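Chain naming follows the written order as A, B, C, D and E, and within any one chain the residues start at number 1.
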Amino acid sequence: QQVEINFYYPVAIGGPVTQIVEDLISRFEAENPDVKVNPIYSGTYSETISKALAAFRAGQPPELAVMLSVDMYTLVDEGAVAPIERFVETDEDRAWLEGFMPVFMSNSQTADQTWGVPFQRGTTVFFWNKNMFEEAGLDPDVGPQNWEEVVEFAGKLTKRDASGNATTWGMQVPSSLTSYWLLQGYVAQNEGKLFELSGDQTYFDSPEVVEALEYWVSLAHEHKVMKPGVIEWATNPKDFFEGKAAMITTTSGNLTNVKNNAPFPFGVQILPEHKKRGAPTSGGNIFIFEGVDAEKQEAAFRFTKWLTSAEQSAEWSIKTGYIAPREDAWETAAMKTYVEEFPEALVPREQIPFMVPELSTYENQRVARVIDDAIEASLTATKTPAQALADAQAEAERILRNYRN
Amino acid sequence: MSTIALPHQERGASFWRLVELVGCYVLGLLWIMPLLYAVWMAIHPPEYEVRFDLFAPLTLDNFIAAWSAAPFARYFFNTFVLISVILVAQFVICTLAAYAFARYEFKGKTVIFMLILLQLMVMPEVLLVENYRTMVRLGLVDTVLAMGLPYMASAFGIFLLRQAFLTVPKELDDAARVEGAGSVGVLLRVYVPLARPVYVAYGLVSVSYHWNNLLWPLVITNSVSTRPLTVGLQVFASPDQGVQWSIISAAALMTSAPLLIAFLLFQRQFVQSFMRAGIK
Amino acid sequence: MSGIEVADLCKRWGAVAAVDNVNFEVKPGTLTVLLGPSGCGKSTTLRLIAGLDSASAGAIRIGGRDVTHAPPAQRGISMVFQSYALFPHLTVEENIIFGLRVRRVSVDERNRRLKKASELLGLGALLQRKPSQLSGGQQQRVALGRAIVAEAPVCLMDEPLSNLDAQLRHDMRKEIRSIQQRLGMTMVYVTHDQIEAMSIADQVVLMRGGVVEQKAMPPELYSRPATTFAARFIGTPPMNLVALSNGTGGAVVRGTDGPPLIEGPGDGLLLGLRPEELRVGASGTLAAEILAVEYHGADSILECRVGDQTLMVRVDGVLRNQIGEKVWLSWADGAAHVFDEKSSRRVDHRPIALGARSEDNRVLHSVS
Amino acid sequence: MSRLQSQATPWLLLLPAAVLLATFTHIPAVTTFINSFYTTPRGARPARFVGVEQYQSMLADPVFLAALKNNAIYALGTVPLAIGLSLLMAIIVNSSIRGRALLRMSFFLPTVLPMIAVANIWLFFYTPGYGLFDQILANFGFSSTNWLGSPNTALPSLMLLGIWKEAGFFMIFYLAALQQISPSLAEAAALEGASRWYYFRRIVFPLLMPTTLFVLVNALINSFRLIDHVIVMTRGGPDNASTLLLYYIYNTAFRFWDTAYASALTMVLLAALAAFSFIQFGILDRKVHYK
Amino acid sequence: MSGIEVADLCKRWGAVAAVDNVNFEVKPGTLTVLLGPSGCGKSTTLRLIAGLDSASAGAIRIGGRDVTHAPPAQRGISMVFQSYALFPHLTVEENIIFGLRVRRVSVDERNRRLKKASELLGLGALLQRKPSQLSGGQQQRVALGRAIVAEAPVCLMDEPLSNLDAQLRHDMRKEIRSIQQRLGMTMVYVTHDQIEAMSIADQVVLMRGGVVEQKAMPPELYSRPATTFAARFIGTPPMNLVALSNGTGGAVVRGTDGPPLIEGPGDGLLLGLRPEELRVGASGTLAAEILAVEYHGADSILECRVGDQTLMVRVDGVLRNQIGEKVWLSWADGAAHVFDEKSSRRVDHRPIALGARSEDNRVLHSVS
């Protein structure tokens, strides 16, 4: 008797993700002939949770889904997901669960339970175009190390035509979606924080946050080294390849994409520091849904465990550029070879000590939207960062008030 | 040659006539340009997305890449099923209702007709929150039926067919009855065949509407096995990081292709169908 | 073969009585024409007979059977409509056998009747065409064919020829009459064209405002109209109706002082004279002045003033008389009709024999 | 053919349509209204009656106000332009101009294609730097514009796409109406010495009034109903500069899962649609009637 | 006041010549009717005069000025269309003064003309109505009003009455004629109704297949048709055309052996006899057999066989003759027309004087 389970997954990076997923699944099925996994590509992260929650409410949830780790509170609040501990029985299971790096687990646990299993996790990293560095008289092998250097380098790298219109921007930071995430990097570097881990409190209007956003905005408006307005995630790497941007910040998940598509030598490093180093985690966890047969949940758990074990973690990381969230994955032979051939792959890992958990609250989508709007408003100069963040904090208060008691 | 044809007028003003003419063609070119450009992108390698070169090599790789990147075959199938189901249901349901309005007198006819016409303003997608709940209650979420159901009783269809039936001469109805046909017989043997052009017109309008419809299917479908093309394309084209415009163009054209080809083949019928549907 | 009896038939649309107590009988195998002006209730009467509308009161019997409440299909009738009511999406053949298909008549029988009808009507070569590919006359034939194959004893026709041009109308009329007689059909035929009615009918039922004005054979309708309406409805130009008044020696034309035309008092009476029965001459009975002449080729219509009244006179060919000229009108003895002005019904009269009168010293009354 | 049976027949014929319409139009409209007075049930917390609180918070909700304003701008910007252009197109295509069929095709084609597909294509045109618009404008010395990324241009960019997509559709209605105008009217006007412009202004345009009204109402409805391009191109951003009402409803209901608030928002949308139908049946219909 | 000259006018639509070398002249202040069957080019000719279509060849002069290439508005014409071409959204008043507005005629003048026209046509009470609120006859009057206020010397009318019913058509025709004469307009009037043409025209231009068949005053058209087409187009029932052949003593009816009717050989000639000019009697010129009788009230139409040919005869009133009866037909000397069978043109002839012949021992030829 075969158990059939549905697996929703988003694609948030370039590359043949669908195929990689299918390859993995067919291997799993070969090893576990009693389970059949239907992979369902479900769009972006936000579409995935929309779909999954919709399906859950309609009584037909998928058995498991990859959703943003930060949506944990929303999912728990809805009663939509099952704690992983429920399925952990053997010592081997326990060892597996304990094998994840703590920074990734902080977004995965609340109320002493683990609700999601780190899977396609990432962080933001910093890329630069070595050719342009050379043209601008910079050392192509060393990227900017702090906020000031970023401004300085970007100034040198920004090229303008006769009429003063920029043809190449020195620096580009995407801001079209989940831009709070990039802000969080700046905030961490500024020794501030965006939210409380309890998920019911935000600090959008704290001075550290305001300064961080002001720095970001100053790149475009004061220093004029970044394209003003909102920069699409989707076009940011493309701009980089096309030479429209000399330095970009983007998700580490883009490593493979950049490696394959950049028609010039490029450098990659962890984010520049300010008061200290800092970067947010990001990306998706695997959640197992409530509202399905225990037997199916169990199969889903088995698949989850298999997919996030050392071997598969390493493979997934190598093929996509996501960070393998387990120490033992980095010890596998495959990973070691890969890192030797492509040392840049180590960069995200280097950042792990400095990482902070990603913004995650109740009604996360809504709160995230509020802070995103504030960032967009600041970047497009419709509001000052202080004003925008004050408004955002007020709105977040209004939303989260109901969850404090 | 004048835009508003008045016989024999203003022969002399040929310069302005020429300006006018050029204006017309420029407008036409402007309008078709986006599509031509999309085709350009789709049939050339990605390097030529932003570089216009008459001698750029042609390729189908973009289509192949798009086709293999997402289960478009399945999406096509889903759309096809969806449209067939909707169309058949619309024809049956609207025909019956239109017949009642065209040939029967009953109490409250006007009020009911008005209530039905309300749907011209309040399309199902406007009420998507409640309609979604209804589908949840019916246990139909993520089914083809759920995608089609709210559209099956189409006020537009009822209105159109009623108009068509009203133009059927009463004498034909009488003649069929004298010859021994009953109510259903008259409907099937006289009204339906005579309204055939209207069915074609309505069918084309309906097919293109539902082929293009996004919001409701987006809300109500979750899985590959029900998702229609539009939703498939939406899901396909929205990865958060990095896109290839030539592949997106290829995918966009691919999803529009059947309509596009049908339109190019049956331009006249299309235009006339929409025209017919528009005359109220 | 069945006759039709229509007894006290009424049809009201709301407050309006479209058909008001109509009675007539159609003998088996004969053709009755319902004649009358637009809106007089002809079609309604026919539709009541067909069962397409239901009667408000009264009864309809076909072949002795009361069918007042039977549906159309069970009345043993066929019907030909004004606009032919051919199904435009069906071929000629399919149109003709439509009813047979509906009634599930066997294929053999269907073919037999189709063959017969199409031979009768010369439709053989057209069977595969669509109605839109036929001329008006051919369409009319197809409609006729559909009525014939039904082999119903009664055939109803509602202005079947009104969409045809004059020549074709004439030919088809003869054809319908000949088929009706050959097949011995009982037929009710609606028209508002008096010529058509006169030339085709065994019996004419003349209607007006929902009531029957006169039922008669055509020559009687022409020669003895029962009312002024009947008198004026038949014939073009219509019969002149001249008001009479009391005069010396009998009734005279009102506004003149003679000569007396009929015996007795004239007040409240109308004298009917058909334009084609009036003669114009240098001598005659009534003095008249020519007001206008309208030339039609074969004949001309004269507008004449007699006393304070205007008469139309039809004369052959081109008239040599001038406008304003004074002439004399005369007519044969039997040509005069007399009606009561109030009831507008025909009354008997005794004409006063009048020889032609030569131009004399009478003064024509001119109207101020 | 009994009386009773013939009276039941129309109702039987209407039944399927009536049930479906009631289920998906009338009843939802009413329940939307009712739900707008409750809170959204979440997890263990059931819905709670709150009166007009949802409407009150709506008035304090900057995103809602922005959506309302945007939608008004969108409608006022696209509708007259699309109608004007469609009339122009109809007149062009209805004339005896050479290549009429090709012109008609190029005007009408955008209408046939899925909005989602053309929005994805246009997304590229708007890409700053190397998108079609920037490439063309670069030839005239303009700097690259972040069309969809600036609050000033995001909504107009959507509007432009909206006009491009819809004008051809409305053209069809005008074309149909133009073909209904008897050519002898043009001849009569020509005999009287009327110029083309005079003929258009005094005869054609007034005769097209019913069509214009019909198109107007349809265009207004569409401007509140079609949000496919918002979903694809801007997701309402930046900072809600291009959020339209229905998009906000969609987001509230299916992203934030606040269905009660979404119901209250839907009531606003319904009110707008009701206002349009009022325009059609109430005011203008009377004025433009001449038949 | 301007006359119209149409010289060698041609109009080709692709290969088809709709109007083929047409010549005629309309004298100032007179009314010319273009008459002919459907598709003969009447409307095209009129539209060429109006300038609504442009001529392929030939010239049009109005008031002596060559207007062949002038735009319609500069030809000094007004026009009434078959469908009236009223602007549906304008009131009657606005419709009538439309052209005056366009031409910026002063308000005073406008009102004066409007008043005059609306009095002439009895439109005073209707000025604020929309065309859709008018009856057909009233719409026709408005169209006429629009033509009148233009005060153009030339007025063109394309079947202006064909959408009206018979009675109204008759009245409007008289009205148009009277206005034309009162205002002294030069008018070209298109119709396919011969009665209308005969009763209204100063001159009839009879067309057929794009060419002019005959130009004549109405009585001449009737009494001296130039071709067989003209002969049969005017008059109902149409003129009988009987084939002649050589006989002893002159031409005889083909298929009979006498009597000779005209001098000389008969082969290739047609004898034209109008039904209304034939007399039926117990004695006469031609022996005939009655095939059918159609009763019309005032008259009856007899179908008679003479030799192997069929003739229509119109007789007054009810005929007492029976079908199959043998009778004699006769006619007045001037009533016979002779045409050449091949060219179908009229030829002169000398009739042989024939007294009435009493029934004798002649054998009627029966056709097998």
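Methods note: contacts are C-beta pairs under 8 Å (C-beta built on N, C-alpha and C of every residue); 3 or more make two chains touch, one makes a residue touch a chain.
What you see is a predicted model, and the numbers here were worked out from it, not measured in a lab.
Chemist: Moving step by step between touching chains, how few steps can get you from subunit A to subunit E?
Modeler: Shortest path length, in steps: 2.
Chemist: Among all chains, whose Cα centre is located farthest from the one for subunit C?
Modeler: A
Chemist: Return the chain label for which the distance between chain Cα mean and whole-protein Cα mean is smallest.
Modeler: Central by C-alpha mean position: chain B.
Chemist: Per the definition of touch at the top, where is the C-beta contact count highest among chain pairs?
Modeler: Top-ranked chain pair by contacting C-beta pairs: B-D.
Chemist: If you average the CA coordinates per chain, which chain's centre is most distant from that of subunit E?
Modeler: A
Chemist: Quick one: report the Å distance separating subunit A from subunit D, using the average Cα coordinate of each chain.
Modeler: Each chain reduced to its C-alpha mean, subunit A and subunit D end up 37 Å apart.
Chemist: Measuring from the mean C-alpha position of subunit B to the mean C-alpha position of subunit C, what distance in angstrom results?
Modeler: Once rounded, the distance between the two centres reads 56 Å.
Chemist: Per the centroid of Cα atoms for each chain, what is the distance between subunit D and subunit E, given in Å?
Modeler: Here the centre of subunit E sits 58 Å away from the centre of subunit D.
Chemist: For subunit A versus subunit B, what separation do you get between their C-alpha means, in angstrom?
Modeler: The mean C-alpha positions of subunit A and subunit B differ by 39 Å.
Chemist: Listing for subunit A: what residues touch at least two other chains?
Modeler: 54, 177, 235, 242
Chemist: Among the residues of subunit D, pick out those that touch two or more other chains and give their numbers.
Modeler: Residue numbers touching two or more other chains: 127, 130, 187, 189-190, 194, 254.
Chemist: Which parts of subunit B, given as residue numbers and ranges, touch two or more other chains?
Modeler: If we look for residues of subunit B contacting two or more partner chains, we find 7-9, 50, 132, 219, 234, 238.
Chemist: In their complex, what parts of subunit C are in touch with subunit E?
Modeler: Its residues touching subunit E are 166, 174, 194-195, 198-199, 218-219, 221-223, 234-236, 274, 276, 294-299, 314, 316, 318.
Chemist: Spell out the part of subunit A that touches subunit D in their complex, as residue ranges.
Modeler: It is residues 46, 50, 53-54, 74, 77-79, 163-166, 175-177, 227-232, 235, 239, 242, 244, 363, 365-366, 369, 372-374, 376-377, 379-380, 382-383, 391 of subunit A that touch subunit D.
Chemist: In their complex, what parts of subunit D are in touch with subunit E?
Modeler: Interface residues on subunit D, with respect to subunit E: 182, 184-185, 187-194, 198, 202-203, 206-207, 209, 290-291.
Chemist: For subunit D, which residues are in contact with subunit A within the complex?
Modeler: 42-44, 62-63, 127-130, 141-144, 146, 148-151, 235, 237-241, 251, 254-258
Chemist: Which residues of subunit C touch subunit B in the complex?
Modeler: Its residues touching subunit B are 47, 50, 52, 71-73, 77-79, 81-83, 85, 87-90, 98-99, 102-103, 146, 150.
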